[in-house]
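Presented below are the structures under discussion, each in the form of structure tokens.
In the two assemblies presented below, chain A is common to both, partnered first by chain B and then by chain C.
For the complex of A and B:
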């Protein structure tokens, strides 16, 4: 009964994973004959590669922007939805929608929204009297990074909302009742009841947000092609492996990214573990 | 206790803002898909299409002439739509079936290495897909599975198996075993118990696993970009290609986008309850 799953996982995950590790120590390039052993040179090369450095910096910026925005907006949105007495499931369905759409299709949709001439964004800004007629959002790197981040946040915010909202709904109502009798204001209740009791869920949501911002790819490739200014590390790996055909260098890069992403998730998990034990 | 009016107003304003943020881009996609090409540059902006037309859809689906710039756009689109539906459905069925079998074995049978194997499979959730992409590519080249339905479907399956196994094992651990024991007394086989007793009770969990797999496979981009370059190309690869060609106009792209997002939209609208439960179970792994 477990045979099908083991065969699939073994052949398509474990075997390739091992072969990634093995090949990253060799020079594998279909354009060059042979696969000589090159030790860790694929790894040391990473540190002198300017493009990799820029891509890392971009990924780091994406993670900071996305995690911050998704956490703040997600907690805010979840507490709003939690206040609703009717129609909650419809609001939730509408809010989840962006998460369910294919990432590249969202990218294409936002590309159309950002487009300078007929785009919705410039159109709306002009409508409220701002001078954004024909404004180019991808002309400087800061606004391009932000434009890509907005699309990513649009897609991933629902996940934070769903996780945090579920935790809020499990807080017993009599806690708030008691606080209300004591004359606590809404803000005080939020700070002293809601936040402490949803801390674990917020940490889980932040872990998910970090990992998905780390894996940002679709939005960047659709909105800004291969532009180095907005290129995240995964796009760098893709270009290195499938455009330049430096397979082994790409593998070394992807292993490094995997380890860093695992380390970050592990860091979160340990922190959650500690904080819940203290509670 | 009645809430003060300004607080209720504030809540509704916030919710309205949230809905606009989530839905406006989707509305704009639909609106653009029925706007005639000549009206795109109209200023001030028309939030509602003034002369709605079905022309983009008719050209995209080949009812009107779908050739543009010497390319059979309609033919490519129909093939990609078919490919997306085929690979996502096949991956969903295979993935749910395989993880159902395995979840039963891991939850109910005793065999050596049970724990280790379970955590080995589930642990791969933490391994990002790109870590295995390059060796997979070389493997698929040697197996002649590039641009083949089987290859790309199996890759989708391997990507979503751990999550499905995790979900379904969790469901089975909570099911009472008394019914199964009674069935086993009557001499029912494992397969019979699994498919006629457990599967019906675990239906919500199965639905959640199926939706997550289907949505995930439907939205895949990098995998088909590498493994399905031509004849098995899905919508997610074709639509961005449209955006890069100057002879395909945005009305057409938005019509294609509307069709590509219609399927996930319907799933969310009708099966949101299962989706949310699956998301929650998956996120707290």
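For the complex of A and C:
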């Protein structure tokens, strides 16, 4: 029973991971003959590479913005949907739609929304009397970063909602009934019943949000192309490997992204595990 | 019909010999009939290309097209993965050093004869150590394109020869309210921003590197520095659309210039003249003309960005691929393909178009042609993509006000030094 899982994981996860780790210790560049061992130089190079440093900084900003927004908005949206007595499936279907769209499609849709000329966003802001005629959202590093983040959040928020909503629906109604009899307000019930009993799901959602924010790529390249001010680390890896052909450097960066996102995610899981275990 | 001028015929007839007879494919010689060849090229391409090719050779054509940047991505990722993106692919001048070093493409020395290579002068740019890695099919040297009607409406009667005159003309167009942003200049982090800066560097009388590949653009009085400062001045003066920080060159060509929303394309592609002047494809038909690149001194300069056709080493059908290259670079097809905005690379094809009076702005092209230089006289270096990426991201950052011109050129110089070191 375990063998198929071991073979699948070994072939599709562990072998490529180990192979990538091994190659990252060599110089792999199709333009240069041979693949000499270079030790950890592909890893130490990160500290002197200004572009990579900027891409890491951008990525950490994306992670903080996306994880915070997706968690807060996801829990609130799940709570609201959980209150619905009828038509919940239709609301869920509509909410899940952005998640079902490929990242490039989301980027193209929002490119039109952010467009300085006929764009929807500027049009709405002008309609309510604000001076946003022809405003360029991507000519300022802060607003560009936020604009890319919004698209990513819009795309990934549904997953948080679905995960948290599933946990909310498994909370026994008796608990709320008892709290109501004791005179608890909605806020108190949310804080003392809903949140503690959905912590595990929230941790899973935050883990997912973290990993997906570290993997942000489509939205950034469609909306801002290779712009350094919005370039996430995954786009930098792509440029290193496929434009500059520094393949092993790209591999080293990929492994760093993997381990950093896993380490941060593990932090959530352990924290939630400690605060929710029954003993 | 416009009669050809003697100097035009002379310029285009230098190597007009009986060189093309071997290229034409006779109907009864279709050794690869029934086979299929896959081709990956930048868009747009002739809508009837597949049918015409099949009629000529009996070979079915599986044509895939995308924007130049997207084609570039598709090719490099496939080649790195050890697969052929198609049997025939685009092969840009800027990839020569990188692709030659990686040994990704099949030499085409036995695909075309010496007379053809002689007729296609630019083929030397793809020749690395005697191996011809691609055959040029589009003759993309740069000129400036102007909307002469908008110029006339603004009272500009003499075409600019200097950059000062160019700016004055743009200001006149803007002052008259004919268009809001008279100059089209890509400033996004894409290749088009790089090539525009290279052209302006030439226009300011300089070059990018010396013979030892040392950057020549970091000093404030250098041509490259002045070129970037010039771009930022155009932006600050409101002559260039600030939204250009997000637009590729093809988008500026198609959504601004072809719609009459801008009057001057700084880095104009002569191949687009045919499409611009076709009423079915453009709202500015009859209004567009090429002018030689305006420079600081008034003496025009330009550089070439030839695009070729190559066959990846692991192409599935290399023999049919060779037939496609022969067909697409034949004189007859090049003359036909000019209507699609592809300027012929064959001197003989250009001469015939000029004789037929079909070459739009022929005089300007003839004046520009002898001034076309190679950006890298000894061939595009393997580190060109790194350099170009640093150029366009730095221009993009400077245009958004994130860094100064001085910081931008410094960043480019550092990236070039790092790239050379590797």
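Basically, the second predicted complex is superposed on the first by the 261 of 279 C-alpha atoms of A that agree within 3 Å, B and C clash if a C-alpha of one lies under 4 Å from a C-alpha of the other, contacts with A are read in each partner's own complex, and residues count from 1 in each chain.
Just so it is clear, contacts are C-beta pairs under 8 Å (C-beta built on N, C-alpha and C of every residue); 3 or more make two chains touch, one makes a residue touch a chain.
None of the values given here were measured: they were computed from a predicted structure.
Once the two complexes are laid over each other on the shared chain, residue contacts for A:141 go to chain C alone; chain B is not touched. Of the two partner chains placed around the shared chain by superposition, chain B and chain C are both touched by A:241. In the superposed model, A:159 lies in contact with chain B only, and not with chain C.
When both complexes are overlaid on chain A, the residue A:224 reaches chain C alone and has no touch with chain B.
When both complexes are overlaid on chain A, the residue A:116 reaches chain C alone and has no touch with chain B.
By the document's definition of touching, of the two partners only chain B reaches A:257; chain C does not. Touched residues of chain A were counted for both chain B and chain C, and B has more of them. In the superposed model, A:180 makes contact with chain B only, not with chain C. In the superposition on chain A, the residues of chain A contacted by chain B and by chain C overlap at 117, 241-242, 247.
Of all residues in chain C, only 73, 76-77, 79-80, 98, 101-102, 104, 188-190, 242-243, 245-246, 248, 382, 385-386, 389, 392-393, 396-397, 399-402, 411, 414, 419, 422 touch chain A in the complex they form.
Here chain A touches chain B in the complex through residues 1-2, 4-6, 8-9, 11-17, 19-20, 23, 76-77, 80-81, 83-84, 89, 91-98, 100-113, 115, 117-118, 120, 123-124, 126-127, 133, 154, 158-159, 162-163, 166, 180, 186, 204-205, 208, 214-215, 217-218, 221-222, 234, 237-238, 241-242, 247, 250-251, 254-255, 257-258, 261-262, 265, going by the rule given at the top.
The residues of chain A lying in touch with chain C in their complex are 29-32, 50, 116-117, 134, 136, 138-141, 224-229, 239, 241-247. Those residues of chain B that touch chain A in the complex are listed here as 1, 7, 11, 14-15, 18-19, 21-26, 28-29, 32, 40-41, 43-45, 98-99, 101-102, 104-106, 109, 111, 117, 120-121, 124, 126-128, 130-139, 154-155, 157-158, 161-162, 165, 190, 215, 218-222, 226, 235-237, 239-240, 243, 250, 253-254, 257, 260-261, 264-265, 267-269, 272-273, 275-276, 279-280, 283-284.
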